[in-house]
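Each of the two complexes below includes subunit A, the first together with subunit B, the second together with subunit C.
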Partner chain A sequence: MTWIGFDHPWVLLLLPLALLPLAGSPLRASATPSEALAPRDPLSSAISATLKTLGVLAIAFIVLGLAGAHRRDQQVERRGVGANIVLLIDRSSSMDSTFANRSPTGAEESKSAAARRLLTDFATRRPADRVAVAAFSTAPMLVSPMTDRHDAVRAAIAAIDRPGLAHTDVGRGLSLAFSLFDDESTETSRAIVMVSDGAAVIDRRVQDALRDASRRNPVRLYWLFLRTQGARGIYDKPPPGEPDSPQTYPERHLDIFLKSLGLPYRAFEANSAQEVSAAIKEIDQLEQRPTTYVETIPRQDLDWVFYAFASVALLLLLGAKLTERRLDETPVPLRRDGALQPRRAAS
Partner chain B sequence: MSEAIRRAGPPRADLPYRLFGRARGVAPGSHRAVGAGANGAFLRHASILEIPDARRIDMRASLLDPLGGLKVRRFENRARIDVFVLLDLSGSMAFGRGGRADDPVAELVSAVAHAAVRGQDRFALIAAGPNAREDLAIRPTRRRGVADEVWAKLVDEVGEGRGVASLIEAADELPQRRALVFVVSDFLMLEEELSELMGRLWRHDVAPVVVRSSAVEDRLPRFGLVETRDLETGRRRMVLMRKSLRERWIAEARARRAGLDAVFRRYGRPAFDLVDRFEPDAFADYLLSGGV
Partner chain C sequence: MKRPDLRTLALGGALALAVVAALQPEAQAERPTYDVIAYVDITGSMSARDYVTADGKPQSRLEAVKQRLAAAAGRLPCGSRFGLGVFTERRIFLLFEPMETCRNYVAISGAIKGLDWRMGWEGDSRISAGLFRAIDATRPTGADVVFLTDGQEAPPLRTDMEQTYDGEQARGLIVGVGGTDLVPIPKFNDFGREIGFYSMEDVPQASRLGGPPKGAENLPGYNARNAPFGEMPAGEEHLTSVKEPYLRQLGQMTGLGYARLGTGDELAAAIEANARPHPHAVPIDLSPAPAAAALLALAALYGTSLVARPRRRRPLNAQGVSS
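This part shows the complex of A and B:
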C-alpha cells in the first residue's frame, strides 16, 4: 500500500467507527413476541447483510475521504522507441528573417518560426523521447533540461522564435549540449540536433573541449543548416585563390570540424521550410532506437472517489430507511357498535 | 387511563365455566362431584339395605321393583372446585400490552377470578416466566375483592425474561385435587416444552388461552423493510416484507396455531384465542361450547 497516501493520517484513527453498523441498525426495530414468527428468508438475510456492509463501507469511505486519501506520484519505467535528443537552436538575430533574408511577412514565415513549427511537430510525433532544449547565440542558454515532460518541451520550443540576439557561438553551444545528457539517457540513443542558420569560428580551446566531450560522450550529431538565400552553404568550396579559412567559410569549416570529431554525423542543408521538414523527417526515421525512460505519474486525489462511493452507500441506506415499516402494535379500535373495526394494515 | 379503571378494571360478567368430569372434594359448590349425597340432582336408586335413609324412599320405584325391595334415592354430590390461572409472564407476553386500559390478559384473568368467586369456587393464580413470580401468586381464595386485586397486579405486569422453564415447574405447584386450570400464554414455545407442560397438567381440566396479536399475524405491512426485535432474546432480524413473504408468514402463523390445537386436543380441550382484546361474550361462548 505504498502507492496510497493520506494528507491527514490521524483521521484514520476514526476508522474503527466503521464497525458501528455491525452493532446497530439503521431501522427502528418493531418488537415481536418471538423471532420465530418471521419465516426464514434468504433474500431478507442477504439484504440485512448488505445493509450492514453498506453502513461499514459508508463510514470507512467517509473517513478515508476526510483523511485526504490520494495516490502518490509514481515513477514508472517505460520502454519506447525514440531517443534522448538535445535540440540545440540558434538564437541569433538572423534566425528572425526569412529564408530569403527579408523581414517576415504574412506570406513568408521567419526561419525561427518555421523551425519552431516543425520541431514542435517533431516532438509531438515522438512521445517516447526525452528532450532537452538549449539555445546559443552570444552565449549558450539552457532552456529546458533533459525531460520527458512534453508540455515543457513544447513550451521550450515555442520560445525559440522570440527576437534573437547578435552572435553565434556554436562551440560553446555544442559543449552545453554535450553536458545535457544525464545518466538516465542510454548511450545508444543520444543525439544532438543543432539548428542554425550560420556558423562561426570555434575557439581552439573549445575545439579541444568538444573533442574531449565527444570521446567521453559519444552521440549522434545532426546539423540542420537553414541556409539563407545568397549565403554560403556547407559544401561551398572557396574559388581557387581565395583563402580557405574558417573566418571566411565558417560553415564549411564547422562541417569539417564536426566530421573530424569521429561521431556519427549528418548535416542537412535546407533552403526552405519544405526542405527543413524533409530533413526533420529523416532525423525522425534515423532516431528510432529502444529507450527506457521514466515517466512520473503525478499524485492523484482519491478523496472524491471515496466520497462518491460513500454517497452511493448512503443513498442505498436512505432508500432502505425510506422503505422501513413497523409492525402496528396498537390494537384495532372498536366501532361504536362494539364490532372490530377492520383497518387496513399499515403499508 | 383513569385511576378508577386502573384500580378496578372494566366491569365484569359471570362466566359459565364448567369442570369436565367430576370434581372431588367435600366443600359444597356448584360442580358435579364424585360420590352420592342427600341433596341435589337425582343420581340413582339404592337399596335401603345399603343406605338406611328412610326419608328418601322412592315409593314408585319401590313398588315397581319386581323383587320388592325398598329403593332409596341418591343424589349427586356438588362440590366446589379450585379455578387456577397459570399465567405465562415471559418476555414474549409483553407484546401489545403495557399501559393499555384494556389489557386483554389482565381483563381475562380478573374476569375468571370474578366468575370463580361468584360461582362459589376458589380462585388461585400462579404466574411464572423464566422465574417463578411468587409476588403475584394468589392462593386459592374466595375473597370478594380478588378480581380487582388481580387486575391491579397484572395490568402493569407485562412480562420479561426468556423461556418458560419456570412455568413448567409451576405446574407441579397445583393441588392434587382436580381443578380447572386456565393456562394463559402465547404458547410460543417448543413443542417438547408444550407437551411437557400439558403432561404435567394431566390431572386437571386444562383450558388453554392462546394470547395472540393480529399485528404479527394479519395486519402485517404489505411491503417494506421490517426489523423485528425478539422480546425475549432481544435479537434483531431484518425482513423484506413483500407479497410472497407476507403470505408465507400468515400461512406459518396458521400452521403454528393448528399445531397447537392438535396438542391441546390430545390433552383435553381446544384453546381459546385471546386476540388483541378480551371479549367476555366470546369467552363465555367458548366455555359453554367447550371450544368446539
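This part shows the complex of A and C:
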C-alpha cells in the first residue's frame, strides 16, 4: 500500500465510525422486536447483512475521501536514448564579449548568450538526458547536481550569460565535473561537455588528479572551444624557433593533455554561433545511448473515487429505506392463528 | 405516501452531499507566492564555527546556512521561485535563475548543499558592495533579494566615511548569520586543509583604503611616506560575530528587512514577511465540506438509532401490535 497516501492521516481516526451500522440501522425500529414473529429467512438475513455492509462502506469511503486519499506520485523507470551529461561552462568575463571580441550589441550576441541559447535548445531536444551543470572561472562551482528535471537545467543554463569572473581554471573545473556522476548514471552513457572560450595551464597536481579520475571514471569528453577572432586556436602551432609551452599556447596544450587522458575525446572549434550550433548538433547525434531515466507521474487525487463509491452505497441504502413499509400504513392481514404473515421485509 | 421521516431525509441528504463531493466542486483562490534569489556569503568568516548540529557537534556558519536555507526553500508555498548565488570579495555570482521550488526541490537543495567556501575567488569581504551588486543583478529578474551574511567586513570599513547607497530601494531580506560572541576564524592552506586560526597580525585591523584621514599626522607611528595612516592598531578583526547593527543599517539604506538566521521554518516565514507576494491562482478543492456534512448526517442517523427507543404509537388493534 505504499502507492496510496493521505494528506490528513489523522482523519483516519474517524474510521471506527464505520462500525456504527453494525449496531444501528436507518430503518425503523420495532417496539415489539421478536424474531419469533417471523420465520428464519435466508434472503432476509442476506439483505440485512447487505444493508449493514453498505452502511459500513458508505461511512468508511467518506472518511477515506476526507483524509485526502491520493495515489502518490510514482517514479517510473523508462528506457530512453540519451546520456548522463555534465555541462561544464566557462563563466569567465571574456565569455561576455562577442566572437569578434567586442561588447555585445543588438545585432551581435555575446559568446555566453549564444551558448545559453544553443544549450537550452540542446537540453530541450533531449528529454531522456540527465544533466548536471557546473561552472568554472576563478574557482569551480557546482550549479545544479545531476537531475532529470529539465526546468532546473534550463534555470542553470539561463544564468550563464550573467557577468562572470576573471580567470579560467579549467583543471579544477574538469575535476569537479568528473565528481558529478552519481551511481544512478549508467557507466556507458557518461559524457562531459565543456564549453569555454579559452584555456589555462593546468597545475601538475590537478593533472594527476584528472588522470586518476579519468581512469576510475571513464567518460566521453567534448570540448566546445568558442574561438574569439584573433585568439589562438586549438590547432595553432608555434612557428619554428618559438617556445611551445602551455603558457604561450594554452589551448593547444590543453588539447594535448585531454588527448593524453585516453578517453574518447573530441574538440570542436567554433568561430561563430552557427558553428557552435553545428557542433552541438553533432554532440547530440553522438550521445545517443540507451539510458534509464526516471519519469515522475504526478500524484492523483482519489478522494472523488471514494465519494463516488460512497454515493453508490448510499443510493442502495436509500432505495432500501424507501421500500420500507410501516406496519400501520399497510395493514398486514392476520392469519387465522393470529400470527403475522411472513413478509419479505427489508429489515 | 406519508411525509418522509427524519431518517429518510438524513439518508437522502447524505447521498446528495456525497454526490456533490464526488463531483469535486472547486473554487479559485489566490495564494501568495514569492520570487527570491538567495545570495550566500562564502567568505572566510563564514567558516567560523558558532553553530551546533542537532547531535551537539560544532557547525560552521556556512553549513548552518546550507541546512536551513534548503529547509526554508522547501517550506515556501508551491509556485514560488528560488534562485541561488554566492558572494565573496565585492562581487556576486549567480548560479541559477529562479526556478519553481516544489517541482525542482531536489535540484535546488542539491545546489545549496554543493555550496562551498572553496568556490570563493578572493579573500576580501566587502559586504555592502556585494549587497548593492546583488540588488542590481536581481532587479531585472523581478525577484527579491535574500542576502545571507555575517556582516564581517574585511578589510574593516573606514570609520570616518559614511556608507552611502544611491540605487533604487529594493525589497527582500538580509539574514544575519553567526553568534553574538566573538569566535576565531579558521585558516586554510593552499590545499584547503585547516591549519589553525587567524591571529591579530594576519588581518588588517583598520582600513587602509583611500587617502589618510585628517589629523593622521598625530597618530602613533605616523610616517608621511611609509605609514600615512599611522601604525596598525590592535583590534579584534581576526575574530568574528554577527554584526547586527551594521546589517540593520544596510537594510534601512536599501529597503531590505533584517532577520537573524533561525530554523528553516523561521527563515521561510521571514522571507514571506519581507519579499513581495505574487498572487498565484490555485484551485481549492471544496469537496471536504459536503463530504464532512454527509459523514455527520450518517453518524447522526446511525448514532441516534442506537440511543433512541422506538416510540410507542397508538395501539394498532386489539392484539396490541403497534408500529
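FYI, the second predicted complex is superposed on the first by the 239 of 347 C-alpha atoms of A that agree within 3 Å, B and C clash if a C-alpha of one lies under 4 Å from a C-alpha of the other, contacts with A are read in each partner's own complex, and residues count from 1 in each chain.
Assume contacts are C-beta pairs under 8 Å (C-beta built on N, C-alpha and C of every residue); 3 or more make two chains touch, one makes a residue touch a chain.
Please read all numbers here as calculations on a predicted model, not as lab measurements.
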item: First, second, both or neither for A:D41, with subunit B first and subunit C second; value: first
item: Touched partner set for A:L66, first subunit B, second subunit C, both or neither; value: second
item: First, second, both or neither for A:P140, with subunit B first and subunit C second; value: second
item: Which of subunit B and subunit C A:L51 touches, first, second, both or neither; value: first
item: Which superposed partner A:L314 touches (first subunit B, second subunit C, both, neither); value: second
item: Subunit B versus subunit C as contact partner of A:L13, first or second or both or neither; value: neither
item: Contacts of A:I297 with subunit B and subunit C, given as first, second, both or neither; value: neither
item: Residue contacts with subunit A in the superposition, subunit B compared against subunit C; value: C
item: Touched partner set for A:S25, first subunit B, second subunit C, both or neither; value: both
item: Touching partner for A:I4 - first (subunit B), second (subunit C), both, neither; value: neither
item: Contact residues of subunit A, present in both the subunit B and the subunit C interface; value: 25, 27-32, 326-329, 334, 340
item: Subunit A residues touching subunit B - in the complex, by the definition given at the top; value: 25, 27-39, 41, 43-45, 47-48, 51, 320, 323-332, 334, 340, 343, 345-347
item: Residue ranges of subunit C touching subunit A (in the complex, touch as defined); value: 2, 5, 7-8, 10-12, 14-15, 18-19, 21-24, 83, 86, 91, 93-100, 103-104, 106-108, 110-111, 114, 116, 118-122, 137, 285, 287-288, 291-292, 294-295, 298-299, 301-306, 308-313, 316, 319, 321-323
item: Subunit B - residues contacting subunit A, complex; value: 92-96, 100, 102, 186, 188, 213-216, 218-233, 235-241, 245, 248-249, 252-253, 276-277
item: Residue ranges of subunit A in contact with subunit C within the complex; value: 14, 17, 20-21, 23-32, 55, 58-59, 62-63, 65-66, 91, 133, 135, 137-145, 147, 149, 151-152, 154-156, 158-159, 162-167, 301, 303-304, 307-308, 310-311, 314-315, 317-318, 321-322, 326-329, 334, 338, 340
